[in-house]
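Both complexes shown next keep chain A, but they swap its partner, so chain B is in the first and chain C is in the second.
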Partner chain A sequence: MAELLVQAVISGVLLGILYGLIGMGMNIIYGVMRVVNFAHGEFMMLAAYLSFWASHAHGINPIQSLLLTVPLFFGVGFVLYYLLVPRLLQAEDPEMASFLTFVGISLVLTTLILLVWGADPRSVPFPFKRVSVSWGGFFFPLGRLISAGFCAAVILLLILFLYRTYLGRAIRAIIQNREAVAILGIDPHRLSALSMGIGLLLVGLAGSLVVLSFPAITPVMGASYTLVAFVVIVLGGLGNPLGALVGGLVFGLAENLGAVFFPAALAPVIAFLILIIMIFWRPQGILGRP
Partner chain B sequence: MRDRKESTPSRMAAVWVRCGPAALVLCAALVPLAAPSISSYIFYLMFWITMASAFNIIFGLTGYLPFGYVAFYGVGAYVTAVMWSRLGVPIPLSILSGGVLGVALSLLFAPTLRIRGIYFAIVNFSCAMALRILVANLPEAWTGGSLGISLSAIYNPNASFYTMMALMVLTIWTVGRVSGSRLGIALRCIREDPEAAQVLGVDVVRSRLKAWILAALFPSLAGGVEAWYTAIIDPDSSFNLLITTKTIVYAMFGGLGTVMGPVIGAVSLYALDDLIWGKFPMLNLLILGLLIVLLVLFLPRGIVGTVTRRHASLRAVIR
Partner chain C sequence: MTIVAAREIEVSYYGDILVLQGVSVEVEEGKITIVIGPNGAGKSTLLKTLYGLLTPRRGRILYRGEDITGMKVHHFLSKGLAYVPQARSIFPELTVRENLLLGCWIMRRDGKAVQEALEYVFSFFPMLREKQRAKAGTLSGGQQKILEVARGLLTHPEVFLLDEPTATLAPIVAKEIYAFLENLRAHKTTVVLVDQNVKQAFEISDYVYILELGRNRAQGPKAMFQGKLREVIQDWLDYEIPGG
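After this line comes the complex of A and B, so read on.
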């Protein structure tokens, strides 16, 4: 039993870092422009399918395919901002309008994936020779270990960017007070477009890396990753980029420890329960101040 | 303020608005006898009008977006099927008990009305997803597992057709009554500013609970009637998120917060949906998605909302 629990903790932490990255992308977009990206999971699936295509057609492994997905998604986010957000911010209820818009986008993306790759599950071949490494009697799945390592590096870079560079500080400032940033002479539109680009870049990154942990992908899986992102940012606090990491770790641990005690089919229910309890008990998140 | 007196064109419009729907319902009533080939189309048209109109009570009037709205429909369908097939309850009573359990579910979810905006939408969505998983994992002896339940022994397209028609008329009538009543005004106040409504003496908790129960009752009943009509249910189609999405799109296209809006929206878009669905099933979803984006960006008030905003005189006749 104890071994099972330790194994669950290992798996929970490794996945939790990935979940943190998934949440961070959504959190930056929500924090900066109050846009709720309901298509988050579908964008991830798009990146996952691009990695699948790269590996299938050109023998490029998912990590190499980051060179394709990361710049592509940054560009998509940048363009998407100018296409949608200035208009959405003028709506009567911008949050609700953006939510519905991205519900529409999620349908469009799912259909596009279906049209291009079909409805059958696809699987990305595992790029490494060994499936897991053992250390001290415990097994570390290599795919998850490498993806967690990548995610941790990206999160670290992101934190350095947000706390140490001018641009990153500007993004944190606009999260706190949009008007004040404009008064200080920063173009809020340019900055928001950049944040949207960064947000989607993180989604693309997570999508390409997720196939190392869960190699099988289907076009309709997006919604469950959107849900993961929601749970993570509700846990960590909506609009708090660092909170996403904490939220990701808590959720990863809860999910994997839960799987030890409950049947696997009920695992998603744990996510819903966490979400509902958090929203009632502590809507500002674990790190947030009321 | 534009001219609000009834001019001649608007009086004619008033006649149209009063008699038109009645004539349409009469025509629809003849469909199973005169044109059975389109009766399935008309059945689903009435189903979507019911769904969009009921949804309007909570989203259009009150401003709460229950993104897991499909849960009520799914519960209605499942309770109806289980009551009839496992307990031998006659089908009208089974459908009614579906409505009762739908209302019970809305009471269970009622505490979530304390949270607003996007949080409410997400929590409601999660509740619906959780419910779907629970239903799919209930003992097979009860809910038939992932295969669902067949009701083919009581398949009766005509009777279920007229039941749906009655339900649709009841729903539209209810929305009309609520919209013009004190409750309707209270709900609109809550939508604009709940704190101000409270200060003005509106019982916020009671009013929105009433709206919530009404908005839950009709889709639960519609789920039961639809289960009777198709004579088969399964967890995937009974808790399909697309049902929520389509309901939102139809209601928005016609005009949220207006009585006729969801009806007009469902009539115009379901025709399009049916046309595309028959020819290009894949493109259907793509177009639905694009439509939501375009609606939010360019027609947030819907047809009725936009028209009555431009021509204030019509507001007396189209609500």
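After this line comes the complex of A and C, so read on.
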């Protein structure tokens, strides 16, 4: 039993780091623009399918495909900001307008994936020779280990960026006080577009890496990842990029530990129960401010 | 010489309701100009319009003779104009130092200039040096305002616009801020100060504008109003309490 638990903790942490990365992207976008990217999971699936395509058509493995998805998604986010967000923020009801817009984008992306790659599940060939490595009597699934390693490195870089560079500090600043950045000479639209680019870059990265953990992908999987991202940022604290990492770990652990005691199908239920408890106990999230 | 001017500006927040109905001001370089007036006179609106936060429907904003009407807010600081709004403009979860570093945004590529700028404001406000690692949100109201004032000065602006910097502050802190602003005159910095704290603002002023209901009511050098402040304020009170 103890071994099972440890195994679940390992699994939960490895996945939780990936969830954290997904949530951090959504949280930066939400924090800076007060817009929830309801197409977050769909963007992630798009990146996953691009990795699938790169792998099938050109023999490029998912990690190499990051060279494609990361700059591409950054560019898409940057452009998408200027196309959409200034208009949305001027709408009479910005929340509803942005909700509808991003749900619309999620439908467009899902349909696009359906049109290009069809409805059948696709799988990305596992690029490594060994499926898992064992250490101290425990098994570490290699795909998840490598993906978690990548995510952890990116999260570390992101934290250094947010806390050690002018641009990163400006992003944290605009999250706290949108009105005050312009008087310091910072162009709030440009900063927001960069943040949107970074948000999508992170989810593009997560999408390319997720196939190492879950090799089978379908066009409709996006919605569940959007939900994961949303739960993760509510757990960790809305608008707090670091909170998303904590939220991701909590979610990953809950899902995997839950599967030890209950049927695996109940795992998401447990995760959502935690969300409900959190909303009652600490609605601002673990690292959020009331 | 006039450094900043508003010419006949009209501003509305909503439809045809004009908050400023053709206000004009001329700000003399290196002097302290104060804008006073009763509540709702449009003082803050004037300052926001001077700084590009509001665009006038009619009229022009000039800086050193150049028409800057409609210029985006984030271009003002590199032009040489800094602004401290009435509403809180610090970033509470960032440290004092990070708040100051962001005040150096426009010279962020010049590490030496940033260091010098920090030393410059620390020399005025040693409290900021001591508290630089504290989160700005943990400072007292007065300390936060000092941080905002200091942050505005990092880039050595030629014109410094302040909207009620001492509102809600303890008298001792207010006194410190006025003394500091008065000191700026020696540094050739032009100050435009909007204030409810008429008496203290008047003390440090060189030139006075009085607004009322979105119009210029009176203006002139400090000497013109010396000894008449009481009348002026009484006038507002009479106005604000009909029949009073």
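By definition in this document, the second predicted complex is superposed on the first by the 290 of 290 C-alpha atoms of A that agree within 3 Å, B and C clash if a C-alpha of one lies under 4 Å from a C-alpha of the other, contacts with A are read in each partner's own complex, and residues count from 1 in each chain.
Assume a residue touches a chain if its C-beta (ideal position, glycine included) is under 8 Å from a C-beta of that chain, and two chains touch if they have at least 3 such contacts.
Note that the structure is predicted; figures quoted are calculated from it, not measured.
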| item | value |
| --- | --- |
| Chain B versus chain C as contact partner of A:V108, first or second or both or neither | first |
| Contacts of A:N177 with chain B and chain C, given as first, second, both or neither | second |
| Which partner reaches more residues of chain A (counting touched residues only), chain B or chain C | B |
| Contacts of A:S147 with chain B and chain C, given as first, second, both or neither | neither |
| Which of chain B and chain C A:F230 touches, first, second, both or neither | first |
| First (chain B), second (chain C), both or neither touched by A:E95 | first |
| First, second, both or neither for A:P188, with chain B first and chain C second | second |
| Touching partner for A:L84 - first (chain B), second (chain C), both, neither | first |
| Chain A residues touching chain B - in the complex, by the definition given at the top | 36, 84, 87-88, 91-93, 95-97, 99-101, 103-112, 114-115, 223, 227, 230, 234, 263, 265-266, 268-269, 271-273, 275-276, 279-280, 283 |
| In the complex with chain A, residue positions of chain B that touch it | 63, 65, 67, 111-112, 115, 117-119, 121-123, 126-127, 129-130, 133-134, 136-137, 241, 245, 248, 252, 282-283, 285-286, 288-293, 295-297, 300 |
| Residue numbers on chain C that touch chain A, as the complex places them | 51, 72-78, 82-83, 85, 87-94, 98, 101-103, 105-106, 108, 151, 155 |
| Chain C-touching residues of chain A, taken from the complex the two chains share | 166, 169-170, 172-173, 176-177, 179-188, 289 |
